[in-house]
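Look at the two complexes coming up: chain A is in both, with chain B in one and chain C in the other.
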Partner chain A sequence: MGFFTMTLTASMFFLLPALGELFDQRSGVLNIGLEGMILMGVLAAVATSTETGNVWLGVVAGMAAGGLMGLIHGFLSISLKVNQVVSGTGIWILGVGLTTYYGLAYVGPVKHTIAPIIGGLTPLFFVGLALVPIFWFILSKTSFGLRVRSVGENPSVAEVSGINISRTRYIGVLVGGMLSGLAGAYLILAYAPSWSISWRVPVTEGRGFIALALVFFSMWRPFLLLVGSFAFGTLWIMGWYLQTVLPGIPIHIFRMIPYLVTVAILVLISTERFRKRAGTPAALGKPYFRGE
Partner chain B sequence: MRLRLEKRIAVPPRVSLMVAILSLVLAFAVFSIVFLQSGINPLTGYKEIFRLAFFTKYGLYKVIERTACLLPLTLAFIIPVKAGIWNIGAEGQFYMGAIAATGISFAFPNLPMGVLIPLMILGAMALGGGWAAIVGYLKGKVGVNEIVTTLLLNYVAILTSYTLVVNGPWTDPTRVPYSRQIPANGCIPQIGNTGIPYTIFIAIGLAILLFFFLKKTRLGYEIRACGHSPAGARYSGISFLKISLITMLIGGALAGIAGFHQASGVLGRLRYDISKGWGFYGIVFGLVAGLNPLIAIVVSFFFMGLIYGANNLQMSPEIGMKFGGAAVFIGVMFVIFIASQFFLRYKIRWTRRGG
Partner chain C sequence: MEKRPEQRSLWKGIKRGETVLEMKGITKRFPGVLANDHIDFDIKAGEIHALLGENGAGKTTLMNILYGILQPDEGEIYVQGKKVRIRSPLDAISLGIGMVHQHRKLVPAHTVLENIILGHPRAGKVLNVRRAEEELKGLCKKYGIKIDLRAKVWQLSAGERQMVEIIKAIYRGAKLLILDEPTSVLTPPETRQLLMSLKVMARDELAIIPFITHKLPIVLKISDRMTVLRNGKVVSHLKTKGATMRSLAKMMVGREVLFRTKKVEVKRGKPIIEVRNLSALSDKGVLALKNASFSIREGEIFGIAGVSGNGQHELAEVLMGLRKATGGKVIFRGRDITDSSILERWKTGIGYIPSERVEVGSIGDFSLVENIAMNLYFDNSFSRWGLLDYKKIRKHTEEAISEFDVMAPSADTKAKHLSGGNLQKLILARVLSREPQLLIANLPTHGLDVGATEFVRNKLVESKKEKIGILLISEDLDEVLSVSDTIAPIYEGEFMEIVPSEKARRDEIGTMMAGARPKR
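Here is the complex of A and B:
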């Protein structure tokens, strides 16, 4: 596989969960449990495709598992008004627990994978790519998108204008979870079809957290998110390449680069100049309590 | 009649205890599914978890040893969050503490124990604290979201340990993914032959100290004021940058001590898998403890007991190798305890419509 194809393939794994998270955050819900949801997507996809022999059923199962985790996050943080960070942490630990236990039966190379169609890229890649303009259109051009944004911006005003806050946010976490699940299915059926279990370095390698950071980087705009995902896909693959060019430096140093670059970018976009234009959903992270 | 939620102003201890007991019962009920799948009678399973953890000498010592690790990690979450700052980076700060402690022991292997160990503890506190203070500074000065930065820096810290111990400068040629052994004078002694390092006293001492620090000192008051209302605190002249820096510094130093404990007191070396996600457990423990450092002692002891018992059910003659679902047990328990926070924060009232 060429460098370019590898970069695109790696980028998509950042883009999918990040796009879901972007939608989720636009409705005002922060989800730091992305990794747990992606892992559940991986497990459901690998189990379903192995048992049925149908990879597309695996993709659907992955999305369903991710969506279910999203709904649990929603139940905790929307209905029970638990802090979203704590809820996300719980979701993540639960996802890791379920996958390490129920995933044991599927350790090893994946039997059925999704074949590439054009230039080494699988159909899922193009699905992901198509989702960017779709999400942009829904969020910026439809009345539904306006409702989602107003709930993330000012829920009390939104409620006065007749929007159901809980329902809108539930849609947010559901979409976020489903896309994380899709990312898991993509990872295991198309991108890196071998399932290994280790708490320290699960198959996701902490990339869910980069996806989370990318949402902040994108300033909640789908097209900027696409740019960011490609930049980080390149950075991620570059690490492996640099290692062959500079064999004297330990590989793990290169693996740090994407995380450090993300921190640097976050600092940059948090400065006054960018902050004004960033458009952080004002109610992000805050549970809604009527009459507050 | 309709349901109405009311925010509680204070939670009576009786209610907290009831909610905790009911959460535990619910978690046990839900997890029984996993036991039944493995062909284990859930009642036997739970009895064995408690017996292994709290009623065997070996288990109890192990649980106390792990409390010495988890208590500072819990405090590492509590102190910053009291100021409204979310330290999700105890995991990385823990690694940094372990790295500093191990590195100092390798640099000065011939120092007497009485000098080397305090030096290692200070180093672990400094590196763990410094690592967290980066986040505290960025949060206070530029307003960078601390949740995202702590999560990202965790990976940098973990990868640093990989660099050092996996085919790195500290690798033990006979135990490849691990570091060389910490010299004997750098290993904090254990109480008698219990296997519990003396760090347990440091951990409990710190919890008591921090309880009074938050309650009785001016700085503690400023921290709580920031957490209660950042704007109000600013108007009364409290520097948010100062509070952000100090609380993260304290949090990181606490996590660093846990790293020292694990490297010097338990493993005797640095490993890339030195933590099993424990830095994140601290978030849940802190929450369940109601952010109270004293209750955190009990909570971390009790939860680490349950986790130890579940992890070691294979040692039970009545269960044996049939069971490996401890990770699921932890997940289910955490999610249910997180959900239970609702009943601590809100009172449910039935009111007449329009009343």
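Here is the complex of A and C:
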């Protein structure tokens, strides 16, 4: 597989969960538990495809599992109005814990995988790519998108305009969860089809958190998110390449690069100059209490 | 979006003067309070029916019930003679009832157009922006409203935002419009514009309910009928013709109210503060205060008249040290304090009444004693051996409570249990008891009822006798005119003029608040 193909393949793994999270955050719900939802997608996808022999059922199962995790986060943060950072952390730990426990049976190479169709890229890649303009269109051109954005900006305004806040936000967490689950299925069935279990380094390698940071970096715009995902995909693959080019240097240095860049970006976007322009959804992370 | 066609058709064929809505025996209890006590209310097509009452009289509760935000404990609502239940704002909207709120009911980051079509059933799955834009342009033209539909809402003035909300409600099919204190954020010319538009709307058989606390002249000018509430009960239903300011105020407050603030004439002393070419940025990083220069002398009230968002809050914050000046100097008693800390300013004798009494002026979960201590903790005479002398602070608090007529069960009551007026009296007492030389009062009567407003204004005027200089910031032109010795209308961060009150003319100051340059 060429460098470019590998880059694209790696990028998609950032894009999918980030796109879902972007949508989720536009409705005002912050879910930092991407990592946990992706892992559940991985587990559901690998288990279903192994048991049934059908990879596409595996993809559906992955999305369902991610969606379910999203709904759990929704129940906690929308219905029970739990602090969203706390709830999201719970989703992350739950995902890691469940997959470490139930995934034991599926350790090893995955039997059924999704074959590439064009230039070494699988159909899921193109699905993900198509989702970018679709999400952009829905958010900025449709009535539903306007409702979602309004709920994320100012729920009390949305409510007096006759919009059901809870329902809109539940759709947000569901979409976010399903795309994370899809990312999990993509990872295990198409991108790196081998299941290994480690409490310390799950198969996702913390990339769910990079995806989360990318949402902030994208300033909540799908096309910028696409650019950011490609940038990180490139960085990710570069890490692998550099270690073959420069064998003297410990491998860990290179593998650190994407994470360091993430930290740098998070610092950058927290500066005042950036914050003013970013267009953060004003109600992001705040549970909605009626009459406040 | 759900549709309820059978209810929508209720409004078909209504004629001017027909009763379109009746509320009968509406009762609503909150813990410890009877907010609405068997209220009867009705409104006819094509009339402007003012709902009057002091804060806490039950106006907002009644209208929130009508708009479906609250559910009544007892009572019934009839639209065109048919009994209805309004469970949510969505129900109200589909019954043709629209409400324009005073605060924060638009999304600032979205455009005017996006705000108006938000939640509109005809917006389409894919937004049909062009059609909506054309329809809205027609609507604006009809009612004489000028607004840029593509502007972002955060760029608009408070008055423009309100117009957007009104258009939104009408575009949504409202035949009955509820307006929450519609003129409180407007400049005088904007008010005139609004009243004209409302009259035109009423001609189209639209029923309009503005509810208003103390802007009685406006009510007398535009309304056809009124309902006056006091302590949750209807005091009177009356025709506007024949009503006077005095008779209305008496009904609202339950006693005679003087519409004049006491006049206190004192000789002005030495200058206390001199401000030279002061500039500052707003939170958004825009130049909000531009080269302001003025001085305040002992016994002088310097009144800044302007609609919020024109740099007056930035000015107050710079003077108190809460915001950095980007240029210019502040001289206090001959000393440059431009870069002094907030605490130094308190200690040198500057007092501050912030505009947000609940968020900034007090800590709700603290007792009154603790709230008073917030301004005394740095004062050595209120501590002993490095510990706060709570006995002394309590005594001080009790004196303040009785002197300023704060209605509170005890000094240990939590601040959040005080009404707005009583909380403001406490804050005023706290500041004045420190005997400041300069008092910065930012919107000191904003949102207070007639009685409390009168009290606060009189206290401010009386303090002139103590040689205190006061910087008064107000959106209420009548307040500035009646209290101040010097008047400075502010617009977009600049003083349009600085005039002694003897020479100030109401209409001139009003137009300057809206940006007109002085003719002289």
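Just so it is clear, the second predicted complex is superposed on the first by the 290 of 292 C-alpha atoms of A that agree within 3 Å, B and C clash if a C-alpha of one lies under 4 Å from a C-alpha of the other, contacts with A are read in each partner's own complex, and residues count from 1 in each chain.
Operating definition for what follows: a contact is a pair of C-beta atoms (placed from the backbone, for glycine too) under 8 Å apart; a residue touches a chain by one contact, two chains touch by 3 or more.
Nothing here was measured: the structure is a model prediction, and the numbers come from that model.
K.L.:
Which holds for A:Gly95: it touches chain B only (first), chain C only (second), both, or neither?
P.N.:
A:Gly95 sits against chain B, while chain C stays out of touch.
K.L.:
Could you tell me if A:Leu146 is touching chain B, chain C, both of them or neither one (first, second, both, neither)?
P.N.:
second
K.L.:
Once chain A of both complexes is superposed, is A:Gly162 in touch with chain B (first), chain C (second), both, or neither?
P.N.:
Second partner only, chain C.
K.L.:
Which holds for A:Thr271: it touches chain B only (first), chain C only (second), both, or neither?
P.N.:
Once the two structures are laid over each other on A, A:Thr271 reaches chain B alone.
K.L.:
Using the touch criterion from the header, give the chain among chain B and chain C with more contacted residues in chain A.
P.N.:
B
K.L.:
Thinking of the overlay built on chain A, is A:Pro222 touched by chain B (first), by chain C (second), by both, or by neither?
P.N.:
In the superposition, A:Pro222 touches no partner, neither chain B nor chain C.
K.L.:
Using the touch definition from the top, say if A:Met256 reaches chain B (first), chain C (second), both or neither.
P.N.:
A:Met256 contacts chain B only, not chain C.
K.L.:
What residues on chain A touch chain C, complex-wise?
P.N.:
So the residues of chain A in touch with chain C come to 141-144, 146-147, 149-150, 153-154, 156-163, 276, 279, 282, 291.
K.L.:
Considering the complex alone, what residue numbers of chain B touch chain A?
P.N.:
These residues of chain B touch chain A: 5, 7, 34, 86, 88, 138, 142-145, 147-149, 151-156, 158-160, 162-163, 166-168, 272-273, 276-277, 280-281, 283-284, 287, 324-325, 327-332, 334-335, 338-339, 341-342, 345-346.
K.L.:
Write out the stretch or stretches of chain C touching chain A in their complex.
P.N.:
Touching chain A from chain C are residues 1, 67, 69, 88-90, 93, 99, 101, 104-110, 114-115, 117-120, 123-127, 168, 284-285.
K.L.:
Spell out the part of chain A that touches chain B in their complex, as residue ranges.
P.N.:
Going through chain A, the ones touching chain B are 30, 32, 72, 75-76, 80-83, 85-87, 89-98, 100-102, 104, 199-200, 206, 209-210, 212-213, 216, 250, 252-253, 255-256, 259-260, 262-263, 266-267, 270-271, 275, 289.
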